Amino acid sequence: MRSLNMAIEALANIIIANKEKLTEIDAAIGDADHGINMARGFEAVRAKVAANTNDDIGAVLKMVGVTLISTVGGASGPLYGTAFMRAALAAQGKKTVDGELAEKMFAAAIAGIKERGKAVRGEKTMLDALEPAYDALTQGLASRKSLAECLEMASSAALAGVEYTKTIIATKGRASYLGERSLGHQDAGATSSYLMLTVLAEIAQNLGREE
Amino acid sequence: MKKIINNAEQVVEEMLQGAVLAHPQYVKRVEGFNVLVRTNSPIVGKVGLVSGGGSGHEPSHAGYVGKGMLDGAVAGAVFTSPTPDQVYEAIKAVDGGKGVLLIIKNYTGDVMNFEMAAEMADAEGIKVAKVVVNDDVAVENSTWTTGRRGIAGTVFVHKIAGAKAETGAELEAVQQVAEKVIANVRSMGMAISPCTVPAAGKPSFTLAENEVEIGMGIHGEPGTHREVIRSADDTTEHLVNKISNDMPLTDGDEVAVMVNGLGGTPPMELYIINRKVAAMLSEKRVTIAKTYVGNYMTSLEMAGFSVTILKLDAELKELLLAPADTPALVQF
Amino acid sequence: MKKIINNAEQVVEEMLQGAVLAHPQYVKRVEGFNVLVRTNSPIVGKVGLVSGGGSGHEPSHAGYVGKGMLDGAVAGAVFTSPTPDQVYEAIKAVDGGKGVLLIIKNYTGDVMNFEMAAEMADAEGIKVAKVVVNDDVAVENSTWTTGRRGIAGTVFVHKIAGAKAETGAELEAVQQVAEKVIANVRSMGMAISPCTVPAAGKPSFTLAENEVEIGMGIHGEPGTHREVIRSADDTTEHLVNKISNDMPLTDGDEVAVMVNGLGGTPPMELYIINRKVAAMLSEKRVTIAKTYVGNYMTSLEMAGFSVTILKLDAELKELLLAPADTPALVQF
Amino acid sequence: MRSLNMAIEALANIIIANKEKLTEIDAAIGDADHGINMARGFEAVRAKVAANTNDDIGAVLKMVGVTLISTVGGASGPLYGTAFMRAALAAQGKKTVDGELAEKMFAAAIAGIKERGKAVRGEKTMLDALEPAYDALTQGLASRKSLAECLEMASSAALAGVEYTKTIIATKGRASYLGERSLGHQDAGATSSYLMLTVLAEIAQNLGREE
């Protein structure tokens, strides 16, 4: 439970620490609130997690999802909220995460985002970080790398995905209103997804070292 | 950032409190939520109308809660769609047994959050229908799959669907007339100075001393292009032409006009703009049934305006001209 | 200077044209003059009400021409009193045989020009009375012999004297109730950013990034002092205290409140301010009969606000709550 | 008639040329429109004078007064308008101005301003330029100086009056709202009065030279 709480806290911390950066990115081609929205949500998550005594990963992730849905708002609230809720379903009753479970949770999260947002890869959204990350994770697992290594690869792939969003025109979300003017700017949601993945990779590495 | 506020984190809460204190004859708060509903909600036998969205567009939407318009309005954080639980509370608070129509501005976040709320209401057996307003012609519909944005035209949807609901019409009929408004309403705006989201603390864009942003969104989203400031007439002509290119206006058409200020533009300029809008319509031999000039759908303190044109038929005209009694729009 | 205008010299003319085009059901132009009167002026058997002043305060005053409020409004150049010939035309256009009341804001120029017009009307045998509104407590009455300025409280004079005239009352009675409003109304404002007279081309004052002007006038006249911006609550408290120091507000009093935006301040901030006004009044056990929040008496695009408090008795309350149907103020 | 028209034109020109300066002075302690108001009025005067064929000084000054009243607005419109109307009365039927007439016209103008504006000297208004100027003129005339010399003295006295307005608190007009904050700033109307007097002095001097 301690490490589960710490993981959620670490996710919250990275988002809150990047509140201004994410907001600035959203200002360029959106409406300058992504960091504010996400930070508001993860402040609420952090407050709840501080009091959490449950060690069921599914239950805790569900709490995170519900909290995000009811505090973030905007586009990212329902999307990240749904993602955590779906991951929670996949992790119900689990107390530890292995490669297989990680893959299942990640897949479920992405499926949730796609259902809710009706977007696909290449539309300049968080999916452009998350899907390549997922692919990297599955590839890593297939070649029997450690979960920490796989998450490191996923995080790198997400970063590449963020860079990729600079090169494409948005066709979903607020940036889509800009047409070609969205070129050259990275997507805010892809960036927050990448940030969360870096934290997951770090946690896995630390846990790996501890073991 | 120079604003008359207490705390950037508290602006929505304090604004809602201020609104209820100002208009107790019109609205009450749904305790614990950022939701204002009519003092006599729920009204049995009347379809309930709920709208909302990010805050910062006042008087949209709580200013239109009252007789002949909305039953409830949900206020999100500034420029951020409200969350589903908030919308759900509004739905519950206004449902008088005849169902609830959600009037949503077309933004990914608004659509998703309102849809999730509708699913929650559905699960509780409340009949919910929704319409999505997408009147902003600055955004090309065909090319970008998110579709157009919803801006000031939304107020006409509130007015007309609200008048329809007041007649005791069924949910489907209210939804239908709202859809008809949406099919016949077009808007476009421009800004001469940006706005600052209180929690962000700095302007969402910056413009040079002689520069304006054409077609920007009401959340400070960049527009179609920037240009050197032109005369009010030239700028208005550009916007009205964009509207009439998209929705032909011809001899004998009858319309309603809204010249909407974005928050920082004074009435004087809006009237100068309206002069040109009216002249252009008159040249096209289009009749104006009613003109609204003022701050109807703002973008915090942004300076700029939008023009909205709604094509009327007999039904829309009658409902538009029907009485309304709300904090921000009263007509006999 | 960044404004949505065509020509600094033409702003008043074009604004008036735009206003008539927007509100043909309410107002018509007195041909050749900067005067708008009701479409059905003159109204036989009703005292006519004329107000006006420099332009740039829209919707004051033409926005209040209509049933239950003014009969005519005279628009001077921006921030400059209209000339006597213009005021005289308004008087002639609205006189229905029962005389005309002039509602003048207390500025040397306004008073002199309206007085000269009254002398002209007198010479033509038209009965004219006048009241001079001086609600701004920022200016110390005793020390400076010009007396206080007239600001947003003027709108309450329009509303209440207008309702009285609508009852068929005589000129003296209408004047008396207007005087009663003036005796019981107090206002004070502050600005966070200045405005620019179009013909001047640059701001009439400048403020540092963290500086505000307390008690400034609606023509950009400097105020009582400058200070570092404080919270909305603190600023509001200062203004309301200045008002209540001048006009004691005590347990059992009933008032009307106006939180007036100066042109560049969005409704969100006005509601946050109103929250504090209402809280302070409630603490004093003062009842609020009606609250107005919005742009009623602007100063071009100045950002800032004023608070107006009007102490009511039974007569003032009834007349305040009476119906009005004008472009800028409609109430059932 | 030519020199009468030229004199009015010269008055108009100096006001129009100082439109911005007068407006700036009014901005400091007033409402930033004195130059705009006066220029608008004198543009109208200049247009009318261009078509004038009357050489009755009284008639022409009346036209100037009426025009100012119906075009300037604000405080200065009725005041200057009344001043010209009163001077016109004093000059009715006259085709030239001598010292005696000048004094009479000037006195009438000041009396008109005082009646209309209910102000006295020392309240930081145009009177603080005009009254000292009038005093200088009468003194000059009493000591048998030429009209040109007298007007030169009047103009100097007006300038001193303008300087004096910087040292007093306004108790009339818009600046009176400022109380002590009006200290250190010169009065806009006093400045425009001084400017007109410089023109009158110059004209008298030129006419003197021509003779």
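A few points about this structure:
When the chains are written out, they are named A, B, C and D in that same order, and each has its own residue count from 1.
The criterion applied here is as follows: a contact is a pair of C-beta atoms (placed from the backbone, for glycine too) under 8 Å apart; a residue touches a chain by one contact, two chains touch by 3 or more.
Keep in mind the model is a prediction, meaning the values are calculated, not measured.
A separation of 32 Å divides the Cα centre of subunit A from that of subunit B. Once the centre of each chain is set as its mean CA position, subunit B and subunit D turn out to be 55 Å apart.
The distance from the centre of subunit B to the centre of subunit C, each centre being the mean of the chain's C-alpha atoms, comes to 29 Å.
Not a single residue position of subunit C touches two or more of the other chains.
Annotation for subunit D: no residues touch two or more other chains.
Viewed as a network of touching protein chains, the structure reduces to a simple linear path.
Every pair of chains in contact is given here: A-B, B-C, C-D. Across the complex, subunit C meets subunit D through its residues 54, 76-86, 107-109, 112-113, 116, 138-140, 143-146, 149, 197, 199-200, 204-205, 217, 219-222, 224.
Considering their complex, residues 2-7, 11, 14-19, 21-23, 55-56, 58-59, 63, 192-193, 209-210, 212, 229, 231-233, 235, 257, 259, 263-275, 278-279, 288, 291-295, 298, 300-301, 303-305, 325, 327-328, 330-332 of subunit C touch subunit B. Partner subunit C is touched in their complex by these residues of subunit D: 23, 27-33, 36-37, 40, 69-79, 116-117, 123, 170-174, 176-179, 181.
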